[in-house]
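So, here come the structures, one by one.
What follows is chain A paired twice: with chain B in the first complex and chain C in the second.
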Partner chain A sequence: MSDVKSSQPAWMSNRHFDWPDRLATVLVWLVAISIVAIFVWIVGDLVRHGVPHLSVSFLFEAPRDAGRAGGVGPILVSTGLILGVCLAVSIPVGVGTAMLLAEFTRRGGGFGLLVRRSLDVLAGVPSIVFGLFGNALFVIYLGMGFSILAGGLTLACMVLPILIRSTEEGFRAVPDDYRRAAAALGLTRSAALWQILLPAATPGLIVGLVLGIGRALAETAALLFTSGYVDRMPESVLDSGRALSIHIYDLAMNVPGGDGNAYASALVLIVLLLAINGLTFWLADRWLGRRITPQ
Partner chain B sequence: MYRPSSDMLLLAILRCLALIAVAIVLLIVVFLLIESLPAVRSVGMLRFFGDASWHPAGGAEAGRFNLTPMLIGTVAAAAGAVLLAVPLGMGSALFCRFYAPRRIGGVYRRLVELLAGIPSVVYGFWGLMVLAPLIRQWQPPGQSLLAGILILTIMILPTVALLSESSLRSVPRSYLDGASALGLSRWSTIRGVALPAAWGGIFTAVLLATGRAIGETMAVLMVAGNVVQTPASIFEPVRTLTANIALELGYAMEHHRSALFVSGLVLMVMIVVIVSLASWINRGRVHV
Partner chain C sequence: MRVIRSMLGLALLLNLLVIAACGDGATGGEGEVQGRLIVTGSSTVAPLVGEIARRFEQKHPGVRIDVQAGGSSQAVADVQRGTAGLGMISRSLAESERHLDATTIARDGIVLIVHRDNPIDALSDEQVVDIFTGRVRNWKDAGGDDGRITVVNKADGRATLAIFLDHYELQSRDIKPGVVIGDNQQGIRTVAGDPHAISYVSIGTATFEASRGTAIRMPRIDGQEPTLEAVHRGEYALARPLNLITHGSRSALAEAFIAFASSPEVHDLVEAQYFVPAVE
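Up next, the complex of A and B:
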């Protein structure tokens, strides 16, 4: 009787014993529990070994003794500069492309298809191949040398597909009523884009930014041969600068006794990723609350 | 139709910006080709697979340019990782969608997303400090194909899990209601209705994860031992194509450098094949 009345699926109230079903349940729970266990293991290990080496001065001091002692001050500055170059180039290109794909191309149209296919390929290119490409084009052919500029530009090529995909989805999520209302008011399409659609599509852009920044901060292989290894404080974007991820790699692989500071740097990198994630969503919430929702 | 000049200008600017993405892909291919041309011309494609060993520093004549062990390393590590990650990732997706109580499911999904966001160099570092020593206690030397496979598995697992889950999520509610009306058990519903309906998306997820495993550099570089050899067992160290580039590009000159770009080209071809396969499978569905 209760089976008929309740809206529960049948399997929830099955009374007889069903072997394959029970076995699947046990296996699926085991998989989930082991994934949680691996996560706890990795994060726990980083925290346990990283925290003792962490201090405020670690964030500001220059590395000493090949990084075994001292901190990551100049490395954080280099990382920030590489990220800055990357975003300064990729945001305008990415937003522009997303606008074109969402607002000006038909589904299945030739030009849009060409751009989409290119982005699909770009999203799959291994980071080390971006490293080869950046080294050949920016470092050698354009004569930038191992520099923050070359590293940032290489990363900009890498994050472009992520940024465009999310921003395009942001534009597509804007209701067509907005476009019709703008047209009815006699706005030009460019005015409608800047005044109405772009602000309304900002959540997509924010998600794209968070994912793109995450990918850029995490990247190591593409930077090995573009921005280089130098761990001094960079004086301009034409200097070589060591990103935090490369610092971790170098300490772990090439510096015996660098484990402690490598753990601390890994912890800094992960906290940085989490902080950027949280901060961007918080800002987006506040900013959007003011711009879009009617008072 | 009348179009204000500001709109035409905007459209022209947006077209130019969109062409940049196309241009980058072309430039990558062009530069890989230009840089690998010296080696292809004076060494020849065949010697990359037929030479006795990999000792490329000797120049075009005296050097040895066999990429096969690295190619085998790449394929073995990626295949092993995909074999392990697919069942685990699908189990994780099924857990999220069908088994977890709502609260736990949400928290669990966040956790898998966090796993996806951990940088590869951090995975590699953890593998170097924790995983490799564990394997060494059991089967020395520890830094091995097995360590590479395991670390790659952990890295591509979130990709399989998250993409499969979103594919399962897009199975129409009415299918599941129908299965429920027929009185099917949970497992029969999954096996008979949900998985077949979500198959295309899951297969795409597996392909993208394979691409990621082939292209991954840092984590494998840090745990796989990097000895150029065809491994006789999973406990022996291997070097992958990606790790080889990362290790040698810094000091490679002339033909050696050119040979590394050839291996980059090989990687690029593998990735383009996988991406094309994925978009061919998805051809019926429109990008949303």
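Up next, the complex of A and C:
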């Protein structure tokens, strides 16, 4: 707001030309309000249609009658396992690659450039392509079949570019003074990385994680071909398991009369997403951020 | 001694198993089936087969049936490649697929739908063709009120599109669509939201949606009353079979599951998914 006003050249603030200023103010307000309105509309719609179908037993029961009755118990477990596999793979690989890019390669170096370009291309690839790739590599070639493991690994491939790039930015945001001070104190490079740079880069890691988890939980196309459609309680990560987003898609599109439970499941998904994001902030703050206090 | 005793124990265990199998076999047909079966294919059939599989698993505790949805074409590819033991297709086998074996477990009809406020009561085959090919563009030329017709067509690869084209002997490029959609539910929502729209969807889905108050109507086509009963009697021309397909010799488990899925034991499940049980 104030930004718009202060950026107006001086001739615009003279009385004669006052109306473009007003117009810009109104437009900016309208755009901002419509964004909030869309959010409120979506959530309101979900709450209005979803809450009547929601209960404690909905969270624990298995779906019945193709999902029209019953709950989402096994589906929540599958979703959790898929996300667990995805994070267990993507966090170490992501943080490692980000460290390499930020701390061990030169800014303009050939290798770093190659890795960054590949990541940028991967970040723009549609999820259906990751789904087909995951199906070809994990499900068929590596023989995992339709399984939670294959789904989680496919999601990891999808989430990695976002995670790496934002963690790398986190590392780059750490002032060079920290590195010089660590060197001056005689810290080894690994000690400086683990004790100072990684905790200081946590904000970048958190942003990457929140974006990545959001993308992973919302994913339908990539999981349809990898973790599959089975709504039974999974016994291991080698079983096929239906993710919440696929359940919502199936109820809304393939099951006549499934829209009530689709709304309820969508509401569960949004609450789950908010809860996981909150937990991510809290954990990262507790484990890493407290070790040092940047700025 | 120990060996003999363990052998005896084993024999006893086997005996018990055989007895248990016989007890179950009375309903299942032959001996107890075991193992895992992967079923892939049509997203129209998948919810039904999922329910049938759940009941089958309850009867045969040693069995796990994984149902994956991806489309009829995927079913054909998967059973040929062997990645699935069983496929689901929401149409008949094509000429090029005659080497596969198909068993019909249920039937589904296709019905034309218009908005509830559209006064059209019946359309002749000729009128349907004229509307979908763009020769008739206004409802008043088809016996309705004044209003430009919105033709809602299915995307290529959809089984309902194939059956529609086949029945009216049309080519995909002949149809002049105003809107192209994917699933049945999407078709119903589009037509319910546009008073001048016309589309074709699964008769079971349309009957269910109309009964719960969605703003759609099903006009008669060429004098045929579009009801589930007509599909059941086999009198409805625009019907499609929902098939389970296999390639080559069937495993004992696949055989048992197909027998179960086409038996009267699952008719309530078929009807619960708004399909019509197959009549032998």
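In this section, the second predicted complex is superposed on the first by the 250 of 295 C-alpha atoms of A that agree within 3 Å, B and C clash if a C-alpha of one lies under 4 Å from a C-alpha of the other, contacts with A are read in each partner's own complex, and residues count from 1 in each chain.
As a convention for this text, contacts are C-beta pairs under 8 Å (C-beta built on N, C-alpha and C of every residue); 3 or more make two chains touch, one makes a residue touch a chain.
Please read these numbers as outputs of a predicted model, since none were measured by experiment.
Asker: Does the superposition put A:F146 against chain B (first), chain C (second), both, or neither?
Answerer: Touch status of A:F146: second partner only.
Asker: One more residue to check, A:A24. First (chain B), second (chain C), both or neither?
Answerer: First partner only.
Asker: Can A:D231 be said to touch chain B (first), chain C (second), both, or neither?
Answerer: After superposing on A, A:D231 lies in contact with chain C but is clear of chain B.
Asker: For A:I35, decide between first (touching chain B), second (touching chain C), both and neither.
Answerer: A:I35 contacts chain B only, not chain C.
Asker: Considering only the touch criterion stated at the top, classify A:G67 as touching first (chain B), second (chain C), both, or neither.
Answerer: second
Asker: Quick one: classify A:S240 as touching chain B (first), chain C (second), both or neither.
Answerer: second
Asker: What is the contact status of A:M253 with respect to chain B (first) and chain C (second): first, second, both, or neither?
Answerer: In the superposed model, A:M253 contacts both chain B and chain C.
Asker: Which partner, once the models are overlaid, touches more of chain A's residues, chain C or chain B?
Answerer: Comparing chain B with chain C, the partner touching more chain A residues is B.
Asker: Shared contact residues on chain A for chain B and chain C?
Answerer: 224-225, 252-253
Asker: Which residues of chain A touch chain B once you look at their complex with the stated criterion?
Answerer: 9-12, 14, 18, 20-21, 23-25, 27-32, 34-36, 38-39, 41-42, 45-46, 49, 92-93, 96-97, 99-101, 104, 107-108, 111, 114-133, 135-137, 141, 157, 160-161, 164, 169, 172, 188-191, 193, 214, 217-221, 224-225, 245-246, 248-249, 252-253, 259, 262-263, 266, 269-270, 273, 277
Asker: Going by the contact rule set out above, which residues of chain C touch chain A in the complex?
Answerer: For chain C paired with chain A, touching residues are 38, 43-44, 46-48, 50-51, 64, 66-70, 83, 182-186, 204-205, 208-209, 212, 272-274.
Asker: Can you list the chain A residues touching chain C in their complex?
Answerer: Residue list for chain A touching chain C: 65-67, 140, 145-146, 224-225, 228-232, 239-240, 250, 252-257.
Asker: Can you tell me which positions in chain B touch chain A when the two form their complex?
Answerer: Residues of chain B touching chain A: 4, 6-7, 9-11, 13-15, 17-22, 24-25, 27-28, 31-32, 34-35, 87-88, 91-92, 94-95, 98-100, 108, 111-112, 114-115, 117-126, 128-130, 154, 157, 161, 176, 180-190, 208, 211, 214-218, 221-222, 242, 245-246, 249-250, 260-261, 264, 267-268, 271-272, 274-275, 278-279, 286-288.
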